[in-house]
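The same chain A turns up in both complexes below, where it pairs with chain B and then with chain C.
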Partner chain A sequence: MLSFILQRFLSLIPTLLGIVVVVFFMIHLVPGDPAQVMLGERASPQSLAELRAEMGLDQPLHVQLGRFLAGLLRGDLGRSMKTHEAISEELKRRFPATVELTLASMLFASVFGIGAGVLSAVRRGSWLDYTGMTASLVGVSAPIFWLGLILILLFSTRLELFPISGRVSPDVFVPPVTGLLLMDSLLSADLRAFGDALWHLVLPAVTLGTVPTAVISRMTRSSMLEVLREDYVRTARAKGLSEWVVILKHALRNSFIPVLTVLSLEFGYLLGGAVITETIFAWPGVGRWLLLSVEARDFRAVQGGVILLSTVFVLINLVADVLYAWLDPRIKYER
Partner chain B sequence: MPDRLHQLWRRLRKNRLAVAGGALLALFLLIAAAAPWIAPRDPLAQDLYGRLSPPSAKNWFGTDDFGRDILSRVLHGSRVSLRVGVAAVAIALVVGTAVGLTAGYWGGLLDNVLMRLMDLMLAFPSILLAIVVVAVLGPSLNNAMLAVGIVSIPQYARLVRASVLSIREQDYVTAARALGARDARIILTAILPNCVAPLTVQATLGMAGAILDAAGLSFLGLGAQPPTPEWGAMLSGGRDFILSAPWVLTFPGLAILLTVLAFNLLGDGLRDALDPKG
Partner chain C sequence: MVRNALILCCAVTLTLFSCAGRQGDERVLVMGRGGDSVGLDPALEDDGESFKVCDNLYDTLVQYRQESTDLEPGLAESWESSPDGLTWTFHLRGGVKFHDGTEFNADAVVFSLRRQYDEGHPAHKVEGAFKYWKAMSMSDIVKEVRAQDARTVVIELKQPNAPFLSNLAMNFCAVVSPTAVMKHGKDYFKNPCGTGPFRFKGWIKDDRIALERNPDHWRGAPKLDRLIFRCIPDNTVRLLELKKGTIDGMDNLIPDFLPEIQKDPNLQFMSQPGMNVGYLAMNMDRPPFDRVQVRRAVNHAVHRQALVDNLFQGLAVPAKNPIPPVMWGYNDDAPGYAYDPDRARALLAEAGLPNGFETELWAMSSPRPYMPQPLKIAQAIQADLSAVGVRARIVTWEWGTYLNKVENGDHPMALLGWIGDNGDPDNFLYVLLDKTGAMSRPSQNIAFYRSDELHEVLVEARQVGDHARRTALYRKAQEIVGRDAPWAPLVHTTQTAAFRKRVRGFHLHPTGSFHFFGTEIVNP
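Presenting the complex of A and B:
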């Protein structure tokens, strides 16, 4: 097992390198001179040349790539062309907001998706199954940018149940430790702040989590249906175990592997969807910042943000792979 | 083949959800084809005295902030979405099939290189990759189409490669080769026909995804630009009036939802009909 984890870790290196190289070259395909963008139209040729030399833009592309990679190893992603701040710092400030949002969405999607999938499978053919599966089909088809706006319209402006945007109310201050507001407010034992942060999190998390909920429930249902037909489920029932023990312990656990695959893939969806969701709810995370950087044509920032989010996605897939091996003793990773 | 098609049709007809999807899709195609004739007004015509008026007998879906008739814009938007969906899927389908065929049929180093490249593309969250492509090429509807097409290439490539690998070693392919058939002939007559079924399912579901993603890009300001009557862009423009004029948001969103739902229902139905075991 340990050697498998190690091996899987090593296989990360070419993938991550590939991601960096692809993003680097795509960003450097952009026509236009970053130095000109930073200094503006009326910059003198001399100051332009100086800035180019300082940023290494006068070097051939492969040298620039080498420098970029060397910087990356030190956690240096360069400076934003717009704010001139270190991109790693900007990302560090915003990343926790995105993590909190995606984790909350995933929690929502897992609980409701797996719950609905199990219920649908167990009550196959009932109105419950029918409703659940119709809802999930609609959920997969719903544009989340629209869904988010409709939720705001209904729950924020009409019913005034949830705030329209942001992570906390302006009068709430949470001393930053992890950057995850829910955790930090608990650490400082501030229940009011915790409640406030949670209250702000609900609509964005539901919006972002809708499509994964639908996908997970469909996968759970079909996977459960397959497992429920197995002999060992019948044996478990014959032993006189209660139906819910059979369902939760015998069936759900064994139908979990395909569900886990979907879960890890849906994380990719969440990280991408965060751009849209954060934009709608003015959520101060990496996704919204990425879009603002695209609009400002700040390609260094775009490069840094995309590399960060893609790396997270790759790491999550690795964790999922390790979990398979742990969940299913039949899977052997020896080569 | 006609026999199999007939059988497919029979199976599909029994699936109520697929029939609903097909009907919805037919309606969508009809609207897209007839938009200029059935739209009550010019989708670009402004009426600054009639800004943001609620749904009424004159404007069934109300008007937007430029006084444009939302019904007419939604109807015309179907053409944009259809074009985006078809173009993006065509790009992904053609390139993906070529990659998958090459990798699966010839194998070896070429296979390795091509498939590692596909894996690399899958290592990115797809919307994110599309955003980068559009950011690099510049925001426009055509570039959004291209971006959505490019990021879906790996799905088709993997699908075709898997089919090719399972067919390549079949006796009839070996026989054809022994008879001296050239590669092109083997691919066209023996291999490609066997990829048609899974590709049809993938392309139908792919239309749903492509329309959704392209609308998302337009919503973010990276796709269709104003005043194009594109559903995602209409939503983006309507965001500021969420309090005062919710109808500006409601109808374009419903149009996206129903269109994507139609493709998903039909795609699911096709998959079940083509794979009776599943």
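Presenting the complex of A and C:
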């Protein structure tokens, strides 16, 4: 098992290096000159040339790549061409917001997705099953943009149950420790801030979590249905175990591998794909920052952001692989 | 057991939920905007969102009057220039302090300006560039800035330059605390310190910037305790927050929102003519646009009022001059070109093109403040032109590429615009239409219009100090441009904002500044 983990870790390095190089070249192939975008209508030939030189854009591509890789080894992702802040700082500031939103969404998606999937499988063919599967179809088809606005209109504007946007109310301030507001407010024993942050988290988490819920529920249902047909389930029932023990202890665990795959993939997608949710709910995360950086042709920021998200995605998959090995002792690294 | 735990969780959560909300007695104004500021060092930034916040943190030597581009004393109580216009002396206000408690004096003014051009200045090397100092060509204008004594600053110019005083009212010439700049160095842009009516309190990137009142401001204490700028990217969500009252104001309204805002009894709608122009430039280096009859024909063919009514929903005025009506020097007597397709066809025939001709109409793909829907505008103009026989194919590029290409003159006809910087007609006319700009590429004079007559008028207007004489010269300049028609000026868009009714004393400004000094919240 240890060698399995080690080998998976080592395979990370060529993967990440490949990602870095591909991202670098992709961005430089995109048309548009960042200096021109920054200066807009006011660009004069002299100011354009000066700005380009300052940003290091007048160097040949391979020199720029070399400089970037050298910096990467030192943990230096360079400076944003727009704000001139260290990109690692920019990411540190925004990543916790994305993580908090993603974790909340995944919690919502896991609980409701697995729950709905199990219920649908167990009560197959019933109204519960059909409702659940129809709901998941709607969930996966509804555009997030529309869903977010509808939830705001209904729950924030009409029913006034939740706030419209943002992470906390304007007058709430939480001393930053981890950047995860729920944790930081507990660390500073500010229950009011905790409640405020939680209140603001609900609608964005539901919006972002809807698609994963749908996907997870479907996968859970189909995986459970297969497992429930197995002989050992029949044996467990024959032994006189209660139905729920059979389902939750035996069937669910064994049906979990495909569900785990879906969970880890969805987690990865959510991390990078929360741009729309972040825009609607004014959530200051990495997704939206990445979008703005692309628009501004801030190459370095885009590189830094994509590298971070790719790395996290790859790490999540690694964790999922390790969990597979734990869940199913038959899984090993084949040489 | 599980059930009890669940009930307990719900109870706790509901209790916590009810605790959020605004503090009672504080007068807090929350301004919603679509994007975050880039930085708060006024000399380094060039985006409106950064300036909106800087407007409240800093003061300038001279400042714009309310709702006008005329100048009044700011940190300088009075000033005079030498007869040859080359030496300007400013007498500074006494008893003014920076937010960090240090003294405002002539050295601070010199520091704020010198760091932008003097390569040996300790604060000159920064990440980024002093963009506006360059854009306004200040190094071609200013020879030296020095302190004569603690309350007198002398600025020497390389040549007489009348717009220079207006430049001093712009954000990039704001006075910063030298102590704070030297202390924070490269991080000064996140730790701003000026003399303005509000002090910097905190900044959560992409979320909000919080300012608090400076009770010792030289104009008196502001009426707000705190001023918060919140970043809410989606337009609809921003409007919903405004309607709910969780923000107090927003700007850059989409015309579609207008009916909603106007019928809401809790909201007030504000508008003001903007200091901008949207235009259709004709590249005079590319036939047939080298013929004046063709250019005049295009001017007669475009139905400007229809554009305003249909594509701007009334939030614009048709343009006949390159400068907007809100600027001094605007020539309202200029005849302009009436919508007259018959006259357009006649002019084309005169030019030897009775059957019209084929060409391209370039438009950018991203909305601009002077042209929120450029492709739709291009389509409307395309239709107007085809009605007189000019068959134009629409060509579009993404913004950065578009600018690159039009400044290199790749276009026959292109849409573009300009937002004024300093309230001086020179800022429009010289930059966009003078022949010096068209001598090389890339050029900001994208019509590549070269008129010696206009050049003489504009150069004299730059250098002469007398306001009446300058006004007369700019009026003449507009006659010349109107006659030669290198552009078809299209529209001047209106600036808009909406506030809760409880917000009083806020005024929009032609330069787009957002000053909250005199603003207050009146509780119903």
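Convention: the second predicted complex is superposed on the first by the 303 of 335 C-alpha atoms of A that agree within 3 Å, B and C clash if a C-alpha of one lies under 4 Å from a C-alpha of the other, contacts with A are read in each partner's own complex, and residues count from 1 in each chain.
The rule we apply is simple: contacts are C-beta pairs under 8 Å (C-beta built on N, C-alpha and C of every residue); 3 or more make two chains touch, one makes a residue touch a chain.
Here the structure is a predicted model, which means the values were calculated and not measured.
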item: First (chain B), second (chain C), both or neither touched by A:T279; value: both
item: Chain B versus chain C, judged by how many residues of chain A each one touches; value: C
item: Touching partner for A:V314 - first (chain B), second (chain C), both, neither; value: first
item: Touching partner for A:I19 - first (chain B), second (chain C), both, neither; value: first
item: Contacts of A:T157 with chain B and chain C, given as first, second, both or neither; value: both
item: Which superposed partner A:L149 touches (first chain B, second chain C, both, neither); value: both
item: Touched partner set for A:E90, first chain B, second chain C, both or neither; value: second
item: Partner chain in contact with A:D196 - chain B first, chain C second, else both or neither; value: second
item: First, second, both or neither for A:S242, with chain B first and chain C second; value: neither
item: Interface residues of chain A shared between complexes with chain B and chain C; value: 149, 152-153, 157, 279-280
item: Residue numbers on chain A that touch chain B, as the complex places them; value: 15, 18-19, 22-23, 26-27, 29-30, 137-138, 140-147, 149-150, 152-153, 157, 268-269, 271-273, 275-276, 279-280, 290-291, 294-295, 299, 302, 306, 309-310, 313-314
item: Chain B - residues contacting chain A, complex; value: 17, 116, 119-120, 123-129, 131-136, 208, 212, 215-216, 219-222, 232, 235-236, 238-239, 242-243, 246, 249-250, 252-253, 256-257, 260-261, 264-265, 268
item: Contact footprint of chain A on chain C as seen in their complex; value: 13, 15-23, 26, 28, 30, 35, 38-39, 46, 126-129, 131, 134-135, 186, 189-190, 202, 204-208, 228, 230-234, 236-237, 240-241, 243-244, 246, 398-401, 403-404, 407, 416-419, 440-442, 444
item: Residue numbers on chain A that touch chain C, as the complex places them; value: 31-34, 36-48, 50-51, 54, 79, 82-85, 90, 93-94, 149, 152-153, 156-157, 160, 163-167, 169-173, 191-192, 194-196, 198-199, 279-282, 284, 288-289, 292, 297
